[in-house]
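Letters A, B and C mark the chains as written, and numbering starts fresh at 1 in each.
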């Protein structure tokens, strides 16, 4: 193993690593493929600021010219937000994209891998990938779930992306031994809404409890991540039944237009935004801020324990 | 990795480990969630005694006050058999249960993990978890199978639990590279009955052969367990067709009453016991004794080789 | 871990390992179960010769008398091609077959394991195993795919075996993070034909690019293999629609005759050969030669980088 030729850690992050200060990793798919310009770059900057205000160091992760960047400059953020030639990197893509010197936004899976390589244990995103609706037939299951099964990073999200099958996603995580923890909730939140009708296996009340679970898991040598589900704040939560219907309509349209693979998620998100007249984008932005706040608190508590 | 704060090994087991004597791990879900009181505590003691009589040391595994206990005192056995606040711990639950100081019985998956942490290579149970009937739709697949795919412990059971889909369980184990070995049988036994109509990939005749397969697997660095299927003795075996119909009825009732998740298996076992007028409980007890005898012999043979 | 008692490396291969020269591993299932005698032994020798001519050392892998042979003598090749008592070893079989001293041809999975144990990083085969048609119901998924997910060997093939479900195979590899690379093709080839209607995630033009992707993956510590899909040469490619119909007919007959498990693939291949009047066997032979040429080039390029 030799990551030196591939990994570039920004000075701010490097200093924090050296001084053992709390750090929060962030992904870049949300920037390049998850939101329109200029909201994407604005949100990316605000998320970083939120984390700094809470006393942790943000490390937005992306691949530029075949280098894994841990922490982006303003210019790099802008580049990721505006360039048309940004691929989307999951675990399977990393070796090709790095070997060929491409640019890519990192998914949850790839961000977890790079965070772990850099020594960062807390990662904030919007929603994780999971088991797609109708995966019984298609076998369409995001590599994010296998990453949670093997890479030692805690992932804070507002639940699996709403376009997924939540119950199947929960079963899959159970089979592969991934702890699923509801932050101040008994119900698995599903991105745009606080409720889903599906219980979380465990509810915790404080970032300190989460830090202690993280430490315990890795002290035991139990490989893999922890999935922390942090519901969207009440004031921005969309009605579950309504958004679910909207999603079903968007999925129908994707089917008719034969959109699949990596294009599916961005298409669905943008279609849902159109159908909700921008409400879903607003919810998406707010849940990310909310996750960033919790992530910073968890990073600080974990930092004390480790 | 630092297991010291979480692991408590009973003196009897500790001495056996130090002196490199044969040890057999036992799980506690059967005690807390698998049988009614007082049969549960009686069986637990008899199983331990059976193993001692055969010249090995029993190590019943459970989680008490957030500590992984390897070997239980009489008081602890009684506590696990009678207390109402015993959770059920699989791989995903361990970090939470330990961090929060809860009590929990350990499933096959969690017992394998703790046995390996303690350095024990042979583990006896009643039946393993597997792929549930209708998992094609529900994705309900026990974490026990993934544990067999990655944790280096030999598991002796009377087959997958009868409530499961045996053929799918066999396919899943094949995909994940787990050796399935029939002890003096060509057919995969299914807990209450010796037959199932499904072949085992390999048949062996002696504990010594099993020990040699274990040594070979781990000498090669092939991560994961070995699944040894030991049929219930003829005199206690229930008729396969009959018990299968009973199980289908119990599953139907569970569906009507919307019982699922961790409550499903205990509900089914108790319903089946009711429908068989206690015959299934008797079979369950006898197959555990039978497995304990084989487990002790395997532990002794493996001890000679290693 | 102690592989010494189980592993026997042929002098030619041993010298190449010592002198750090390029080596290409080959499997033996194609010899014992994939082709009739005497074509099997003839092809096996020609493949080895093709690799030598290109400046790499061939290492055909098989299990004889419970020893993992890396490199076979002429007598051993003949034995594997003619003996009636050759088992078929996948990951789950290895410990049993070695412990019991059996003879076995190695599947893609077992060959990858043994190649890695011997320190060989490039492996040439005809087609890999994958997700079987109708696996949504049967869960019949080859252990080859999990091996690609965890063992650090690059596998050059003409695509998944044509009898499989290609789309499901592609999804499964994506979930488990395996890079799938098309050599000079945008389309996933499917063994007998160059086209399948399914895109490959990445296309590369040269062995050097592949070597660089291999190096990058393993430099990053990303466990697992790389799947290089090398289409059958145009002049030997069968028509996709036609061969697909033939395969469906063969699968129907296998169902009627209740042929499954390890017998299924050899039955289908021989049935397809019968239905195509030998055209499929000819295609099979030519695609293996074609893969051997590419494998030798990749081994040489990787040798320069590492």
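Observations on the model:
One rule holds in what follows: a residue touches a chain if its C-beta (ideal position, glycine included) is under 8 Å from a C-beta of that chain, and two chains touch if they have at least 3 such contacts.
Please read these numbers as outputs of a predicted model, since none were measured by experiment.
The chains that touch both subunit A and subunit B are C.
Judged by shared residue numbers over all numbers used at their interface, subunit A and subunit C contact each other through mostly different positions, with under half in common. Think of subunit B turning onto subunit C: fitted on CA atoms, that turn is 120 degrees, to the nearest 5. Each chain gets a centre from the mean of its Cα atoms; for subunit A and subunit C, those two points are 36 Å apart.
Listed for subunit A are residues 136, each touching two or more other chains.
Partner subunit C is touched in their complex by these residues of subunit A: 1-3, 5-6, 90-96, 98-100, 109, 113, 117, 136-143, 145-147.
Subunit B contributes residues 131, 136, 168, 171-181, 201-202, 209, 212-222, 226 to its touches with subunit C in the complex.
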